[in-house]
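Common to both upcoming complexes is subunit A, partnered first by subunit B, then by subunit C.
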Partner chain A sequence: MNGLWRREARLFLRAPGVAALLLVLLALCGLGAWNGAQRLEADRSRVAAAQSEDQAAFARKRAMLVELEAGRMQEGQFGSARKAHQAVLSAGRALAPPDAELGVLSAAEARPAPDLLKVSFLTRHRDQQPTLDDPSNRLDGPFDLSFVATWLAPLFLLFLTYDVLARDREQGSAALLASQGVSLARIVVARLGVRYLAVFAIVGGVALAAALFTEKGRPSAPALLAWLGGLALMLGVWCALSAAINARARNSAAAALALLSIWIASALLAPAVISVVVSAVAPPPDRLSGVLAMREIESDLNRRRAEVTAAYYAAKPQNRPVRQGDEYEHYFVTEMTPRTLAFDARFAPVAARMDAARVRQAEALRWASPASPSLALKLLTEDLAGGAPERRVRFLADVDAWQARWRAHFEPKLASMRPLTLADYDDKPDFMPRPEAAGARWGRIAGLLAALSIPFLLALAWAWRALRSAGPL
Partner chain B sequence: MIGAIARRELALQMRDGRLVMTGVVLLLAVLAATTAGWFQFERARGEREHFIAEARQQWLDQGERHPHRAAHFGAYVAMPELSLAMFEPGLRPFAGQTLWLEAHDRPAFANIPSEDDLTLQTGLGVASGSAILQMLGGLLALTLGALAIVRDRESGMLRLALAQGVSPFAWTGGKLLGLATALALPLAPAALLAVGVAAWAAPGGTALDIVVRGLVLLGADALLLLGLLAAGVAISAVARSSRGALTAALGLWVGIFVLAPRAATTLVERVSPAPSLEAYQKAARTAFDEGYSDRPGYAAQLKALETRTLAEHKVQRLEDLPVGFSGIRMRHMDAWSTEVDDREYARLVRTYDDQSRIRMAVSLASPFVAARSVAQGMAGMDWPHHRDFLEAAETYRRGFGLQMNSLIEARVRGAGWEMDGDGRDWSAVAPFHYASPSAGWAIARQAAFLGLLAAWTMAALVGLVLASRRLRP
Partner chain C sequence: MLAAERLHKRYGSHTALHSFDLTVRPGEVYALLGPNGAGKTTTINCFLGFVRPDGGRVLVDGCDPAQDPLGARAALAYIPEQVNLYGWFSGLENLAYFAELGGHSYGADELVGFLREAGLEADALSRPVSGYSKGMRQKVGIAIALAKDAKGLLLDEPTSGLDPRASHEFSELLRKLSSRGVSILMATHDIFRALDVAHRIGIMVSGRLLEEMDAKSVTGAELENRYLEATRATAISASS
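For the complex of A and B:
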């Protein structure tokens, strides 16, 4: 048995064009990993720069307050570190979710979970971040390991396996092969196994190396194992299909066309059909309605601004202004502060509904993914790379909890126009994001692995049945 | 002779059930995708019209507020679509749906559908009628072409034909013509029907424009498919076996349709990345504050403006001015920020042009990139159309900003700031109207891609002529 595999491995590697094809796959994996690493590095640098800028800005304000309290500086009309509406109201803190385990696998631009949010006392519910980028750059998606593993690796495997037996039939050597004392099924399995291992080793090896490199030698072992398991299952589907087709095909061209048709149906058409069905069953959040709701609430609160201000100070009499402010303070403190809080109270359910719609859609996609192994692997990869909507919900819940503490900390001074003290700066709440609950997270991953197992087992059963009756003619 | 060979080839293909079945499947896929596109287009149109009407009403009903705050509340606009978008949705999933026109800043597209809708990120972009026609039609053209002559060689038919005095050129030419006709039989009616429906659905007065755009779009697709068919037949003419021909053709398809578009994106992002909105606004703010060349920064300009205004009205203090200085200041501020922004935007446009040139360079290797660009341009769903809308919206934004500043200037006296505008002021701002550019404008923007596509097809035909000279039985 081992001798058969060794011989097939030797023959495979000596076959013309194989080494070049494997090198091309290696180069494409390398390019994908490099792009993913670049993207990850850029994201991390952006987050680090924003957080450092944010900390420096607060440190400058604190230093200014020290000078003001010591009488070494005169307070100007604007930019005072003592007035909360100037120092804190719109000062955005840079908040980032915990790092995803395998961020290097994906360089996707459009991720449901933001990598960085700047959140202040004011509402965080704004338009999605506008962009200047030519959208043509997002049309095809990035060239990353997710793309290589999902779309290219199966194609390479098909190129390498489509004629494992059909070619022998075509050349008339299948009968000779069948007379060697080893069954044709065993020979086909050995040939497919060698090719499968070559493709898996290249894609999986590059992914492993990229994860080791970007995570400083300490990538998450369970996440890596889960992804490699998913890759193994997805490649296994195509190997099993090759076996089943080769068991029947009379010539290699027919085998190639049959396998290509299955690839088109499964990797191109099935995701398109699934998209249409999932969009109908679990529609995405209606962003335009969200924008209209946002503006409607804003307009209504503006029209009733005197009433909103009065209601706020009636409910929190301890926050009544201690002095008559200027016209800016009148607007930013007594009008905008109560309006901001009232806005969030009314818009939060709309935002929650939109996030729930995202999660429902992701769940529907996962349920449908057994119909397309490529789609299932893509969903698994994007999840491990930090792209699941559930991660966004977790992060935004942490952001909201932090913003509530931030507001509770500064609101009394802000609304009452009392001056800030050094203690206000020193005791300000820090943002501590929590990772997603392990049960829910690994439940999703296990579900996607199960989704990949279904087509794998079906293809395996078909291959086993076909190979049992495979003959030389 | 060529005609006779073409007629024979056509008859053979018609008798071969596989081509008829593949053609019918492709035709149904194009029609199904276009029908789904029709529903999406109609739904998007309804949502957009509702959004525009509601956003306008919200502008009118915003209540009393300071005109500058009204300018920050701003107006929302959404880009209208041509009816050909049902066949080629182009950048719709990846371009923002809305523009928020507010004080000071040039608008940028926000609310990108693919950031909310996971189903738009699931596949390789074959969900539209146009994409199916190009990608799967391209695959059919390449595989049909690749098997055309090599099978004759394997069956001995080619030897017989050449022995009877048929010229290699006539044989390859006849094959090409016959296959092109066979390919056109299912695809042309489907494509013409899609364009016909789009013209029928176009609003009054634009049907002719849609027909012209549609015919150019189909012409580009025809060039693409003819070029690929010629490349396939050329491969077939030199290949020794159908296995080798098919492998080469499939490799070419993967390179042209799967690898090249992503490679173009990667090149664009590496060689000529567009700045983030944050970086763009930071550069504009720096130029605004510090000035450039012989233009001083804003603070110096403001001081000069104060001096000039006081001298003009022959008073000593801003408080004594008979007009609202805040309005004059805002007008000047907007004029200066417009000047700064035009300078930054000109740089951004140069980046867009560089990116377009990179895509043109990739089009030399991948006619799909060029054909897709032409299709998107003719459907009015490419980046030039989006930019045209963006620029029209920016002109409108500047106009209504001036209107708001005039209100402050006229109704505030001296150095005061607070005042409120009301519904009458808001209704004096005319609604935004936008007419899509003409077909001629769109063709001019895509002329380079059309030229590259034609050059690629010519090169493929020349390659076929050269291959036919080397035709051996």
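For the complex of A and C:
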């Protein structure tokens, strides 16, 4: 068997144009990986800069408080480190989800969105929803390794495999080949195997190198294995289809036409149909109704501002102001704070419905993905690169939880207009995003691998059946 | 070594072989003469297991290709009418490729020896086959058959495209192989070549073996007459 594969490898690599084609694929993979790495590094730098700026700003205020306490500084009208409304309302945290394992695979806007949220006491981070609620948007995106692996690698593989036997039949060399005493099925398998390994090694090798480079030599082995497994299954589908078509096709043009038709149906038409069906079955969150709900709540709270403030202090009498603030302070403390908290409480169910709709749609897409290996690999890549809606929902829940803790920490001081102490600065809550539960995360990945396995096994069964009866004539 | 027993093959409504019997003994060269569509290639394809007979059977060194095609092919070498090779490989590389597929691993000198024995010029050995003439490709095909070192050799119009000198050399080669005990079944239109090289000649028309004769018992003119009569008679009976 090894000898046969070695001979076929020699025949393949010496064929005209093959080396150039493989170099082009390598270059495209390299370009895709470069774009992914650039985007990843830019994101990381942006997050690091924003976080360090936040921490520095808060540290400056704390230092100012030390000076005030020591009497080395006079309290100014603005920027007081002692007055909660001045120290807290504009201060917050730049929050980002934990790094995805294979962010380098994707440079898409959807990847870690929302990847950086500036969250403070009053921030409505739920306003900043990304606009990628249409499933068809998941299929396009910038030129990255995900694009190359999903769309270009199968085309390269088909270009290299469409005529592995059909051309021999067309040229009349199939009979000479078959007369040598090795079954045509074995020859076809060896030829496809060599081509498959070449494409897999290039795409997988570049992905591995990119992950090693961007993760400082320590990429997540399970994530890498899962992605390489997905890539192997998707390329395997096309190899098996090529085997089945070559077992029957009388000439290379017919084989090319058949395979191209299957590719168009599977990689272009099926995702489009799936997108339409999924949008109908699990519609994306209705952003318009979200905005309208937001405006309605705002307008209602504005109309009833006195009532809202009264209700707040009635519910939290311990937070009643202990002194008379200026007009500015009074507005933020006694109006903005109760209204913001009331708004978030009323908007929470709307936000939860929007999150649930995103998750439902993502689940529906995954269920439909066996119909399109390209879509399944795209979803797998997106998930491993950090773009899964479930991850975004989880991150927003973490942000909500952090904001609740931040508010709980500063709200009594803010609403009561009591001065801040060093302890308020030092004990402020830190943001600790929780990684997704391994079961849910790997359940999704396993589901997508299973989704890729279904077309692979079907194509393999077809290829097996076709090759058993494949003859040279 | 090669035997067809009541071999029958249909393609749809067309009967390609009618209860066809044939035997080629070890060391014998058997020429199957017949017009286009007589069933010569179908017969060869049955021996190679490329075509499954509808009735009867063929045996290759005791092995039925319908049951064990790979076993039968292991005992056979085959030269098709058009030897199509991999154009980007040289003749030498093509020979190495096919020889290894046939289970033989030869050194470069041995491979060159086969090609030279088949009549390929030395300066052509390392040139890409895409630049070869039909006759040169045919010679590589012959070398592939020689390298396989099989007990049986099936030839489908082997001399078509060869110049007279190459055809003569080819006849010499067949005689040499025959003397080594190789059984040779050669489908051909070439009456002269059949008479020159074969021990026995069969005239095949419309899937039937109409006549079988000892090559030494007929002259070229007699063979031509008998061939023409057989084909004419079959054409008349088919049209009536």
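We take it that the second predicted complex is superposed on the first by the 454 of 473 C-alpha atoms of A that agree within 3 Å, B and C clash if a C-alpha of one lies under 4 Å from a C-alpha of the other, contacts with A are read in each partner's own complex, and residues count from 1 in each chain.
Following the convention adopted for this analysis, a residue touches a chain if its C-beta (ideal position, glycine included) is under 8 Å from a C-beta of that chain, and two chains touch if they have at least 3 such contacts.
Quick caveat: nothing in here was measured; it's all calculated off a predicted structure.
Once the two complexes are laid over each other on the shared chain, residue contacts for A:P284 go to subunit B alone; subunit C is not touched. Of the two partner chains placed around the shared chain by superposition, subunit C is the only one that A:P16 touches, whereas subunit B remains out of contact. In the superposition on chain A, A:P472 contacts subunit C only, with no contact to subunit B. Residue contacts after overlaying the shared chain place A:G172 against subunit C, while subunit B stays out of touching range. The partner that reaches more residues of subunit A, of the two candidates subunit B and subunit C, is B. Looking at the shared chain after the overlay, A:Y313 reaches neither subunit B nor subunit C.
Of the two partner chains, neither subunit B nor subunit C is touched by A:W464.
Of the two partner chains, neither subunit B nor subunit C is touched by A:W442.
In the overlay built on the shared chain, the residue A:W367 is in contact with neither subunit B nor subunit C.
No residue of subunit A touches both subunit B in one complex and subunit C in the other. On subunit C, the positions that touch subunit A within their shared complex are 45, 48, 50-51, 69-70, 73-74, 76-78, 80, 82-86, 88-89, 97-98, 100-103, 141, 144, 148, 154. Every residue of subunit A that touches subunit C in the complex is listed here, in rising order: 3-4, 7, 10-11, 14-16, 168, 171-173, 175-183, 187, 471-473.
The residues of subunit A lying in touch with subunit B in their complex are 28, 31, 35, 108, 110-112, 127-143, 147, 151-152, 155, 159, 163, 167, 170, 251-253, 256-257, 260, 264, 267-269, 271-272, 274-276, 278-279, 284-288, 291-292, 295-296, 298-299, 302-303, 327, 354, 358, 361-362, 365, 375, 378, 382, 389. The touching residues of subunit B, counted against subunit A in their complex, run 29, 33, 36, 47-48, 50-51, 54-55, 58, 61-65, 73, 76, 78, 91, 94-98, 100, 107-127, 135-136, 139, 143, 147, 242-243, 246-247, 250-251, 254, 258-259, 261-266, 268-269, 274-277, 280, 348, 352, 355, 359, 373, 382-383, 386, 417-418.
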